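In the part that follows, the structures are each spelled out as structure tokens.
Both complexes shown next keep chain A, but they swap its partner, so chain B is in the first and chain C is in the second.
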Partner chain A sequence: MGRTSKVKLLSKAKPGLTGLIRSPIKWLIVNVVAWVIGVLWILPFVGLFMTSVRPFGEVAVYGWWSIHPFTFTLKNYYNALFNPMFSLAKGFINSLIIAVPSTIIPVILAALAAYAFARFSFPIKNYLFIMMLFLMAVPQQMTIIPIFFMLNNMHLLNTYLGLILVHSSWGIPWITFFLRNYFSLLPKELEEIARVDGASNREIFFRIVLPVSLPGIISAAVLQFAWVWNDFFFALMLIYDPNKMVITQMLPRLKGQYQVDWGLLSAGSILAMSVPILVYVLLNKYYITGFRGWAMKR
Partner chain B sequence: MSRRDYVSRKLMAKVGGPLLSRITFLIPGLILVFTFVVYPVVATILLSFNINPIIGVNVVGNRPIGFINYYRILTNFEFINTYGLRTLSFPMGAIIHNIIWIAIHLPLTVIIGLLLAVMLQNVRGGFIIRSLIFLGMVVPMIVGGLLIEYSFDKFLGVVNIFLRLIGLGFLAKSWTIYPNTALFALILGSVWLWTGFTLTLYSAGIASLPKEVIEAAIIDGAGFWTILRKVIIPLLKPVTVTVVAMTILWDLKIFDIVYASTRGGPGGASMVLALLMYSYFARAQDYATSAAVATILTLITIPVVVVWMRMTLKGVSE
Partner chain C sequence: MPEAAGIKVERLSRVFPPNVIALRSVNLEIKPGEFFVILGPSGSGKTTLLRIIAGLEVPTEGRVVIGGKVVVDAEEGIYVEPKDRDIGMVFQNWALYPHMTAYDNIAFPLRIKKLPKEEIDRRVRSVAEALGISELLDRKPTHMSGGQQQRVAVARALVKQPKVLLLDEPFSNLDARIRVSAREFVKELQRKLGITTILVTHDQADAFAVGDRVAVLRNGVIQQVGTPDELYDEPVNVFVANFIGDPPMNIVKVVSNHEVIKSLGLTDLVKGNEYVYVGIRPDEAVASSNSVDTHLSGEVVLIEHAGSRRYARVRTDVGLTLKVLADEGLVEGGRAYVRIKKMHLFSEGGSRITTLKL
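== the complex of A and B ==
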């Protein structure tokens, strides 16, 4: 009920402020300026891409914007992917190995917890909820030293499993908060009828609530996946074996000590950002929905 | 009262069946959160006072319990550099750098985000421009840091190309390698990355504004700036509170960008709190002091977190 009316409100107000500029000349100027800003804004990305697909020698002499001598090559990508010290191909796979379970585990556990917060009453519920909210804002730095020694004790330091556990735990508070809000907007009637028919909590949750909440679950999963893929700090602290490093962790190490090979770095950057960009483009609707809940974690 | 109403009422009284069934939903998630988030937070606080919180390892050695670590940090030149502050030269210390970061980044990103959000409502294909600007939020911040460094490169950087174009070529240099410009380069770069965030939140806020109010203002003959100042900005106040709180938190926690581009250099000129914590951990292997830096960082975020939490809880209860 609450949600449908909100959606209606949004769609009705969609044109928003379109009437604000009345003179057609002003409108034209505003449009041109906006597009110029838009193009200038992504120029660094264009530069990065141009640098990545040509020999760095050429870029260094003529600049990435010159099109006169333009030698197309994928050598930078090859060198980045199969770098002898920090192979980004390996990093790419490691990032996937870390990010997939670090998405599935917290989404399932947080969905269960979120349902409890949305529908059940239990002791100290409000305190727990406020705690979850607070944990969403805690800096990673505040937790990492004890985690480092705990994982070391458990022989999980420098392992995939250790990093996955940390990422999963770190994701639970915000996903719980996000899905709690999602579940509380669902109509209660269906669940009540099922309960009258004698369905257990578990049956109600998995058979009724979960299927209708799929969009919310996907939103949470998309954002959690992108967050884990993009994360750098936890990996930096908990993984030190070059064979297990994730892609974001390898990137800064591709920088030489004195001479920066931007050809190599730009290709590596494009590889590292390709996955979150793909997720953003393909699952745009879900990405934007989950975005507000997740932004807190940056 | 119909039978269904009666049953429903009865159910509401004891929602969810026996307590055990209700809390089993909660337990698995809470175990992970308490093990890897709550306990480490508490342990970090203990550690910062030289109390050993981890069973089986002596992390602190035999240093005395007390505020000694805090004293050491607060008087350390990497935290606050009085010489730098007096002479207005970098480095000024991590805490000052974070404050400068907020002082420049926050107003710029909020104002640019708001103006663009309003502007793009009237632009054909505005959503495309919005998506392009949002790209800075999608990519890993490590890539963001590298992009900033590249964009400020003397020969290849977009910024310096632009400076040469408008006749300010004498300013062109690799900004990130000089103490006096490194921090500013990173801050400007972070405006470029983060404006996608403010723009998106403001755009959503504007889309849900009551259209009638603005139409009424237009009919009354109010100009663009009057409507912006007197109608739009006041109506968007809740969005602004969220945007400001989250931006400050992001500025305080900034790490990846700095690590990727300058590593806090040159000579500490772009050192920030989160990186200082890391440098005590990795470089000095002084875990207790590192924990104290983390605790100070968290303490600074708390007032902002409280404002944000009040805001959020109000939204939840409505």
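== the complex of A and C ==
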């Protein structure tokens, strides 16, 4: 799933929306729209889940929606995770090894850059920022060949570090953009009073700005993590050792050569998506406040 | 307690490019231990002035001296960081750190100074005690009322034991009832500590409640500096006269040979002016149905109640409509005779010619 579509979907689920709606017709429309979107979003997931917990023969004959007969089994999950040829468990771990640093590194660096863009003045600041925005529009496919050769020259091709660096640098611009806007919304007085009280710029940033911006930081981190976890393209181009492959690379290999085992594939898909979903569920509270922004909360 | 410091502001100007002049050659001398108020409508430059004193902004011209030390001088290129100015500050929205408890908020300036833990604890607790917020120390700002947040903000400003306390509209976010007690509290505290304090406000009631002296600022220019009584009794110009006092002064523009000038025998005083402004405070004139010893007569247009007082709007026979205190027995539409106790006369330029007691 692309980054933008995800943002839209999730923001639809903002709680407190009903508080803004007074007329009953509006309320009805909003509810209908929300339910339609909700069902559209959840239905494929239900299908996937039903397919994953039953023997494939049953699904193939009766369809995933039939509950009679229904044989519950976790065999698909077991087979997907511990497939002797393409172990999803290994891919799972590889994905974590890539995604965690690829989230932490760009969030920290981008937060520093974003604060500078939000609060300091320095020469060509605005030009730099605009250039960064323009370059964000460059598609991955356009950059992949130079990236490939660069990593090759650095002997980082087919390494975790190489992919981590690529993901980090790909994340820095948009997180900078996101957090700059977030920081600009913070009341300046917090920083000013800290200055009067003797805090240095570094102390103001780490002890005031960063903790106060936690919802924004977490929002950015959740998006970046999901983005890296879901990435297929960079991994496909830059990692080719089967032992280092990430989960999205492992997934298509479960398809088999002559016939597609949908049960196995469904179980694999659910395993793959479980992590970003879990991250979202756990950090849901911060994530939503992050998007609502501090300005509205006051 | 450190000894109180005086503050001198000399020829201070601030221009925001391209051409907004926030302050024009402001001069002030604030005595050690004084509670000084800068009063002005929004956009008068009062907050800019305070921020320059705090060091959060720099002047285009002029200098500021705190306790004998030049903290900023535009001509000499001197600038002392806010933290080295020995000041404590409270903002309008109090700017409490939302992620910290009251204790951590108050301790923050001391932790930045890297004082020993026991020392911090002792000082936080003693200032909290003095401000009556000891039982709030574990709470976060979102779990406090406006008045409590304000006390925490004041505690944070005072915990460093600064020589100067700067308050930027500290009462504006409080509702009317708490406001009164907050003023008393701040005033009392300031008296007790004897700390030089500058308060910025747009509200004359705030200014008069706490200020030893008040400076009235308008469009970046100081209009008048004086005690509340001086400002009330002898406003230097029409602006101050109009801005100070509640209900506001009746100010009427009349030609110099107007009936009212002649009948009160003021012709000599207004010589050289085509027009003058006559100013009469509603509380310094009384309308009654008795004509003995009165100056003007007219018809009662309206009677208003303001708390325990009643005011009558009287359309006088000489053509002025005045709001004045209403005596008992006055009715709307009836005759009224106005006795003026005190009257101000302003030139056509707006500056005060004289104040007459009648």
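Keep this in mind: the second predicted complex is superposed on the first by the 233 of 298 C-alpha atoms of A that agree within 3 Å, B and C clash if a C-alpha of one lies under 4 Å from a C-alpha of the other, contacts with A are read in each partner's own complex, and residues count from 1 in each chain.
By definition in this document, a residue touches a chain if its C-beta (ideal position, glycine included) is under 8 Å from a C-beta of that chain, and two chains touch if they have at least 3 such contacts.
This structure is a prediction, so every number in the text was calculated from the model and none was measured.
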Just checking: does A:24 make contact with chain B only, chain C only, both, or neither of them? Give me first, second, both or neither.
neither
By the touch definition at the top of the document, which applies to A:84: first (chain B), second (chain C), both, or neither?
neither
Touching A:196, do we find chain B (first), chain C (second), both, or neither?
both
Which of the two partners, first being chain B and second being chain C, lies in contact with A:211: first, second, both, or neither?
second
Counting residues of chain A touched by each of chain B and chain C, the higher count belongs to B
Tell me the contact category for A:187 with respect to chain B and chain C: first, second, both or neither.
second
Same chain A residues contacting chain B and chain C, which ones?
192, 195-196
Chain A-facing residues of chain C, complex:
54-56, 81-83, 87-89, 91-93, 95, 97-99, 108-109, 112-113, 156, 160
Could you please specify the touching residues of chain B with respect to chain A in the complex?
7-8, 11, 15-17, 19, 21-23, 25-26, 28-30, 32-33, 35-41, 43-44, 47, 53-57, 59, 116, 118-126, 128-129, 132-133, 135, 138-143, 145-147, 150-151, 153, 155-156, 158, 161, 192, 197, 200-201, 204, 206-211, 214-215, 218, 224, 227, 232, 246, 249-250, 252-253, 255-256, 259-260, 274, 277-278, 281, 287, 290-291, 293-295, 297-298, 301, 304-305, 308-309, 312-313, 316
Interface with chain C, chain A side, in the complex: residues 187, 189-190, 192-199, 203, 207-208, 211-212, 214
For chain A, which residues count as touching chain B in their complex?
9-10, 12-21, 27, 30-31, 33-35, 37-38, 41-45, 47-48, 51, 59-60, 63-65, 106, 109-110, 112-113, 115-117, 119-122, 128, 130-135, 137-147, 149-150, 152-153, 165-166, 168-170, 172-173, 176, 181, 192, 195-196, 200-202, 205, 226, 229-233, 236-237, 248, 251-252, 262, 265-266, 269, 272-273, 276-277, 280, 288, 291-292, 295-296, 298
